[in-house]
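Here the structure is laid out as structure tokens; the discussion comes afterwards.
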Amino acid sequence: MSSIIQYFREIFQGIWSLLKGMRVTSGYFFSPGKIVTQKYPNNRKDLVMFERFKGEVIMPHNENNEHKCTGCGICEINCPNGTIEVISKTIVTEDGKKKRAIDKHIYRLGMCTFCALCVKTCPSNALAFSQEFEHAVFNRSLLIKISNKPGSQLMKGIE
Amino acid sequence: MRIDLITSLFSAFSEPWWKIFYDFSILTRGVDEWLRNLMTPFWTVVIEMVIIGVVFLLLYAVIGLFLVYAERKVCAFLQNRLGPNRIGPYGIFQTIADLVKLLFKELIAIKNADRFLFNLAPYIVIIVNFMVISALPFGKGLHAIDFNIGIFYILAVSSMGIIGVLLAGWSSNNKYSLIGAMRSGAQIVSYELSIALSLITIVILAGTMQLSEIIEAQRSGWFIFKGHFSALIAFVIYLIAGTAETNRGPFDMAEAESELTAGYHTEYSGIKFAFFYLAEYINMFVVAAIASTMFLGGWMPFHVAGWEGFNNVMDYIPPFVWFFGKTFMVIWIIMLFKWTFPRLRIDQLLTLEWKYLLPINLVNVLIMAFLVLKGWHF
Amino acid sequence: MEENIKEIVVGEQEDYVINMGPQHPSTHGVLRLVVTLKGEIVKNVEPHIGYIHRGIEKMCESITYPQIIHLTDRMDYLSASINNESVCLAVEKALEVDIPDRIKVIRTIFSELTRIQSHQLFWASYGMDMGGQTCFFYGLRDRERILDIFEETTGGRMLISYNCPGGLMYDIHPNFQKRVKDFIKYFRKVLPEYDAILTGNVIFTSRTKGIGHLSLEDAISYGVTGPSGRASGFSCDVRKHEPYSAYDRVKFNEVLYTEGDTFHRYLARIEEMRESMNIIEQLIDNIPEGPYAVKMKPIIKLPEGEYFQRVETSRGELDTFVISDGNKNPYRIKFRTPCFVNLGVLNHITRDFKIADLIAIAGSLDLVIPDIDR
Amino acid sequence: MDKEKLAEIVKSLIPGAEIKQGKNYVEVSVGNADLFSAAMILRDNPETLFDFLISISGTDYASDMGLVYHLESTKFRHMIVLKTRTSGRDNPVIDSVCGLWKSAEFLEREIYDLLGIKFNNHPDLRRLFLDSSWGFPLRKDYVDDINIVSK
């Protein structure tokens, strides 16, 4: 007799547990306000990334086309993957001294793992992360970027 | 001459045109009479068959595409998603786009497959599907064939779809496919019993196997209400067994995405895959349609004995709206099953059938017979 | 690969051998299981791994300690923060640096958040393995909130590289505490839904209870750690036995079961989410003031010797074993990753179960393939 | 149990071993021939009962190979480090501890794969990650011009 009771109890407990699950899912079905999907390319305009978001490494320039990079190469040493390559040149300053400056600050986005060591170790805070995250390109060579803008100069007062 | 033809077509109708929404036989009878006046009976039959064939082809495609879209939207809303939303407003053309994609896809010939059976399998599944939906009553008079053994015919034909599945699994020469097909075979053989027995419960109550008469018998109330708890139990069992019969989750043993990748249709691509895919959805529609016919009154409006005004209002809703409304209700429940529950294991699936559903079902048939004998039903 | 293939061909004639993976929906990555079947009964499971072996240990031998951190992210990408912490703790232990409380507390909070999001993903993918696909979306929906917290503070979502030798990369974001508290409030409300959908579901329980039993002796002998081991009653929580960071000042229970079946391995993870929330609640309101990093030398050189650091990731015990010869890069670094050791038990506990159970059991071990391959 | 006491017990159990107090754990060095017997004593003795093999780490020293076993007792919660060196590095062979701890099966296969140390009595000593065309990457003299690029 007890086994028969057990048999029916199992059935009802089973059905009850199934109904509990269905209550949750049908509850979501009837509450469209809880939809979490973002319509990504359509909401590009009002999509705001967090301020610390690691998009890609850039070298901020001010309005006079000046950057802070002295070409010391610390970022290059600290990069674990050889993402950064600093090509420096020697320039003659106004007062006739010879000085080292960057020619090209090459950043290979395809190799970057976003460990942030370059940004953190830069002694003159010349590097930063941008919010840009749409990196897909059709040609791999486009992933090799030059961080300093053409014709840019070292900011005054930074050694 | 041509004007004569059209006027003769219209004169064949004896009643206002909007009446056809409530009784479709007005139209069919009118067309039939008109055609018989024009040509010999043989050609009349040929033309009528062609018309019905084309209508069913269209219906098949439309229902299939709509169900795929509905499934995507339903599961998306269950999962806090939006679902298809790019092609057309609310993504309604998404399935059409998918169909076009599937049509353009390459049909990959499997090297060591049994070529003949491999190509045959999807057609068997599709043909069986057509044979089943031809017997469904979509509305009053909207009925291709009204067998006097309608339910019997549907049960017999619908279980033939498994041959296609087994052939697909066997001929693909893929180990996953074979396991999936074998599982599917075991599943359908056992769940066919439950479906038959739960429908027999209703056949006892209705006293006939003819679908139109079964629906007519529900004029004063749907069987799910008329048949006490016995009909309710039969309905629940039918839903479970029907879900299993269509190979849908939580009984999608034959596909079992996480175990067998795609089961019996792993090796199929392009339109052949689309056939299996469509057939699965039409199967679901058939199961839901039979559920609504047998338990929920088919195209019969919701009537409450004694409430004349209410019944009159309900009668204003056309029968095919009732039919599709009920069917999609049941389909929604089946979708809810799929998207909520985890999958059963194959032995649990068989345990559920032989240990729970079948004994309960047998007892239920006895109870129903007793109820009918005593005349205790409404 | 020659010798591997030979192995597969050998076997009885009537054996039905199927290759699960490297591309298979429920091996969660490029794990290949060579399964010998008799009907649907699993007779033998042989894992073939190495498809994404990157030689992290070899790579570490040529880079400096701060640079190693970002490689450890990529071992068990779901407990990235804890992996970072393991190397940092080893380096700090070797240099005998005193770490301020603030860093310890923040590290602990991050570890526990990482653990929660890892278990959420486990729940999500396990539900999917079992065929309940809705679980996947609910799990990911909730995990996204933790990833947002990570992103706001560290700038990364999954591979956050937040720890560094001597402290943290940045200070926590001003919104951090509020967001974490919001999340815990939200998640306490959502967790019962997880139970309603999966834990209590009769189909799920009947598929998992009594399946893949692992006894306590076997768990210890096979070295199965983490929630999988604790489900068998193997008390192996490093947070309890060898507390690091701020674990010695919080109260929490080690989730222990004695049954050791698939269901309890699953349940251990669900309960651990609750324990993790308790830990975070104890710490989040009293993060001490102080610096977020200790000033370290620009080039970190470890004194000659061997250093061993145990931490508890979301999958089990991760040990970092550093042999230093006094240089700026390690002479040899060895990661004892939990998934690699846990994988060893798979053949033992799946034998004589069905092919569907194999998925359930392998899923309940919660394997992350990059953690196995390294 | 504190470290000094554990060291004493181990000293009495394995007379031939060289015992050192490490920073955190007791370190026991044994010769490669005695490894299996020492491991068995450490596992089975009721006073030590090291039943949990945490990890095995192999290292390539220029002259020979080193193996480090980290053991823990789940009953007493003490830890010990068992060390040994192989004789030479051309064909290093050592006894397998698979019979004592089953987790050693995978750990030893990994070491065989990456360092080329052979284990006697291992039930299934095959390469694990790599195929036979590879050398032993964790050895210090491993050269790979294609995959390892140094600046």
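Labels A, B, C and D are assigned to the chains in the order they are written; within every chain, residues are numbered from 1.
Heads up, the rule we're going with is that a contact is a pair of C-beta atoms (placed from the backbone, for glycine too) under 8 Å apart; a residue touches a chain by one contact, two chains touch by 3 or more.
Fair warning: this is a prediction, and the values are worked out from it, not measured in the lab.
J.: Starting from the defined contact criterion, work out which chains touch subunit C and subunit D both, please.
T.: none
J.: Indicate, using Cα centroids, the chain positioned nearest the centre of all protein chains shown.
T.: Smallest centre-to-centre distance to the global C-alpha mean: chain C.
J.: Let me check something: if the centre of a chain is the mean of its CA atoms, which chain is farthest from subunit A?
T.: B
J.: Could you let me know which interface, B-C or A-B, is made of more C-beta pairs in contact?
T.: If we tally the contacting C-beta pairs, B-C comes out ahead.
J.: Please report how many Å separate the Cα centroid of subunit A from that of subunit B, as a whole number.
T.: Here the centre of subunit B sits 51 Å away from the centre of subunit A.
J.: Taking the mean of the CA coordinates per chain, how far is subunit A from subunit D in Å?
T.: Result: the chain centres lie 41 Å from each other.
J.: Return the distance between the CA-based centres of subunit B and subunit C, expressed in whole Å.
T.: It comes to 47 Å between the two C-alpha centres.
J.: Could you give the separation in Å between the centres of subunit A and subunit C, each centre being the mean of its C-alpha atoms?
T.: One centre to the other, that is 24 Å.
J.: Two or more other chains touching the same residue: where does that happen in subunit D?
T.: Within subunit D, no residue contacts more than one other chain.
J.: Pull out every residue in subunit A that's touching 2 or more other chains.
T.: 18, 21, 24-25, 36, in rising order.
J.: So which bits of subunit C are touching at least two other chains?
T.: 134, 141, 197-198, 201, 203
J.: All pairs of touching chains?
T.: A-B, A-C, B-C, C-D
J.: Under the stated contact criterion, what part of subunit C meets subunit D in this complex?
T.: Residues 1-4, 7, 49-50, 53, 55, 57-58, 62, 93, 218, 220-224, 234-236, 241, 305-308, 310, 317, 319, 321, 323, 331-332, 334, 336, 340-341, 343-345, 348, 373 of subunit C touch subunit D in their complex.
J.: Inside the complex, what are the residues of subunit B that reach subunit A?
T.: For subunit B paired with subunit A, touching residues are 74, 77-82, 85, 336-337, 339-341, 356.
J.: Which residues of subunit A touch subunit C in the complex?
T.: 13-15, 17-18, 20-21, 23-25, 36, 50, 52-54, 78, 80, 113-117, 120-121, 129
J.: Could you pull out which subunit C residues touch subunit B in their complex?
T.: Touching subunit B: residues 16, 18, 24-26, 40, 127-135, 137-138, 141, 197-198, 201, 203-204, 206-207, 354-357, 359 of subunit C.
J.: In their shared complex, at which residues does subunit A touch subunit B?
T.: These residues of subunit A touch subunit B: 11, 18, 21-22, 24-26, 28-29, 32, 34-37, 39.
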